[in-house]
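Pasting in a structure now, in structure tokens, and then I'll have a few things to ask.
To keep things simple, chains are lettered A, B and C as they appear, and every chain counts its residues starting from 1.
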């Protein structure tokens, strides 16, 4: 008995399946092109440029410079310190807010969400300068506090780490709240009721049930905020008063200083690698996979 | 500040370089520093000169000589003329990214001595000075660099530039080095270190490291700091605007600004003629009405194009110039990179 | 054996949302160890009442006592109840064991004791050996068993269940109904069970409380509720029935012009309904009897339904309005007798003992 008589239309159906497969794969093509053009090629180029010295030949000089200078280490420490602090403060402010919103009716939650998102509609530059106006030595906040007799000397809110953090937290907060809120909304409200009915006091129910279930959203938010912070330029430049120097600012000033892409690229490469290592370690410490997948 | 921001733009600009704007035969593109400075240039020089020649001049801002270098090296074409400090111009010339100026077309015969170079045609003279808040100190502010560095006699917050340019000189002047020996002392890493050590003594009192003229003007206007280094013209404009600010010419470090042409500029020949036009004294006199930067062309004074009261406000006025140190372009072309690195180290310590 | 259950006493519980009564003056006593079902359509208030018992909803006023203790002001976690939710409400970040052990952990029970009781509870719900599974690896039925094990592991005296079987398919649901009932008999906890499925209520309960529009409609055993519904709503809601309009005057009931005899005394005049359940009526034998009421009609449709044959009859004597009546004939009879053809005239009978009128 031959196969073809037994398996009617088998080959045709296989071809049909293959064709469907190609079409399906075709959906990823725009993305692949974009990733290649916008990420793979530029990153590769960055990497290549970082090994090109001032005279245009292959050289490690851009990396050597970083080794030798204490400034670079200090700048990296500042970059990570500011990023981590911003992330922590965002979490401390954003988590309770997201929780509050997740407990509201959809209508009120949407109204709150608009409040959270309004800052997105204003340019980052405008918001940053607004903080400067509010917080500077003779700014609105200090003036009011002095007029009310709360303080006698103005408090230094800006042109330092404090100012940088205030500005950055304000800008980053929505990035933490959005994934966190979405995650909290998805948590079955009956889970908290169940915990309560089983004997858990509200705080206990929160720590043992709600918090673990909201961790994926929290981690996603923390990660987005942290990574975005690493590349911050405008806000620390304006609110840091030149004292808070982050990697992106140094990348820019290196171009001015050495007039070569290499000096800037090397810094970019190091930032990329260090960030990669930190995220890798973080992912090992906290396996997102183990947390509350449903 | 704006300048710092423009540096971000520069990265984007390099990306855009491939889709450069088309240059028309009777159109020039000129870039400068923005703010009160470029406003004066535009009204006093750029547009009237263009009108006189019957051409169109489009203006934009830029981030400094590094933009020129990146543009030329990446083969882009974004502007034909740029306005730049003499030192920056010299470093651009050293990198070979500038066109040599043709002084058979550009007439500098009436220029004050030293106010032009092979690659840069001087247009105005400005000074870095120590400005103080008159609300804090009244008339008795820091009138010398020694005062600026004396935190006992003049307690208060300070601001200095976040780049090395014209900052080391202030430290050595404060340290008692005579004017004519400043660049001699700075002619070694040890000498630079000496200047940096002096700055380190007041570092805790430096509230802000400013990055642009607009920023240091604003700092004084808002009373955010009690004294700062900065460009005299910006302070004068701020003062006209109600800022409580004063400065003494004895802290002046005089420098000059001029026009250069990037190598391979599309409209090089026209740019050369346009620069020649802008060298005319009447434009410089007009410009000086908007900001207190003095003319490089001696004819302005000879022809009496400027009122005496205004002339006395210019850094280059003999009464003012005699107190001041003249910035050494030569020193910057030799030491700037090294000094800048060391300065950044000092800032980030 | 220790007394492992408590009676529940609900008095005057009222909850109003704006102008709408979710619960209207509900008073109800649930005896210790009883399986009580709160039955009603969606939005009737049955779940609200359960949430009042659990402590998740505070009424505007009223009293809830567990045994002798007033609990209305107690927060849920201090009420000591076991609760099973409609969608299980298992903790997705915990294994089966951790889920079931959760209440024990909260109570500071030792590890060994927790482990023992968890195993016991899992055995009880027939999930022995699945303790290490993740919740998302379980089927719907298994999840509901885990939820049940979690609710009983700490031997609560009161077990509340909120439509626990509604997410399961029909066959599994029917199996679970019997299992839950057996489990109740073993554990002897006072159980309050909420459902909208009247058949489920009839199958499982000791007593049923029918709730509609926030009001308690009837309280009784399944038999009482089914056989003697107190009003048209219950008659319609519980089981299948046709309500025929009846006029009562001077203790005489008539449908149209035909007088019918009823099983109950008629002391009030007015409009009532005769409850006619399909399985109570039958094709009238040729010889009429005194203890039966008869209705004439025409056969509209005859539908084979497996265990029975359903006849749809168009009544003639329904007093003006067209009235359909359904007759269910058990399958064994179908094979025995010849059925009337569609369009044929038929007479159907209802025993006087089965004839009840309701308001």
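Here is the rule we use: a contact is a pair of C-beta atoms (placed from the backbone, for glycine too) under 8 Å apart; a residue touches a chain by one contact, two chains touch by 3 or more.
Remember, it's a predicted structure, so these values are computed and weren't measured experimentally.
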Chain-level touch network, classified as line, ring, star, complete or other: line
Chain occupying the middle, per Cα centroid: A
Of all other chains, the one whose Cα centre sits farthest from subunit A: C
Rounded Å distance between subunit A and subunit C, as computed from the means of their C-alpha atoms: 53
Distance from the mean Cα position of subunit B to that of subunit A, given in whole angstrom: 38
Chain centre separation in whole Å, for subunit C relative to subunit B (CA means): 89
Touching residues (chain side subunit C, partner subunit A) in the complex: 54-56, 75-83, 85-87, 89-93, 102-103, 106-107, 135-136, 147, 150-151, 154, 160
Interfacial residue positions of subunit B with respect to subunit A in the complex: 1, 4-5, 7-8, 10-11, 63-64, 66, 69-70, 95, 162-163, 207-211, 222-224, 337, 340-341, 344-345, 347-349
Subunit B contact footprint on subunit A (complex, rising order): 69-71, 74-75, 78, 125, 136-139, 156, 159, 233-234, 237-238, 241-243, 245, 249, 252-253, 255-259, 261
In the complex with subunit C, residue positions of subunit A that touch it: 188, 190-191, 193-202, 204-205, 208-209, 212-213, 291-294
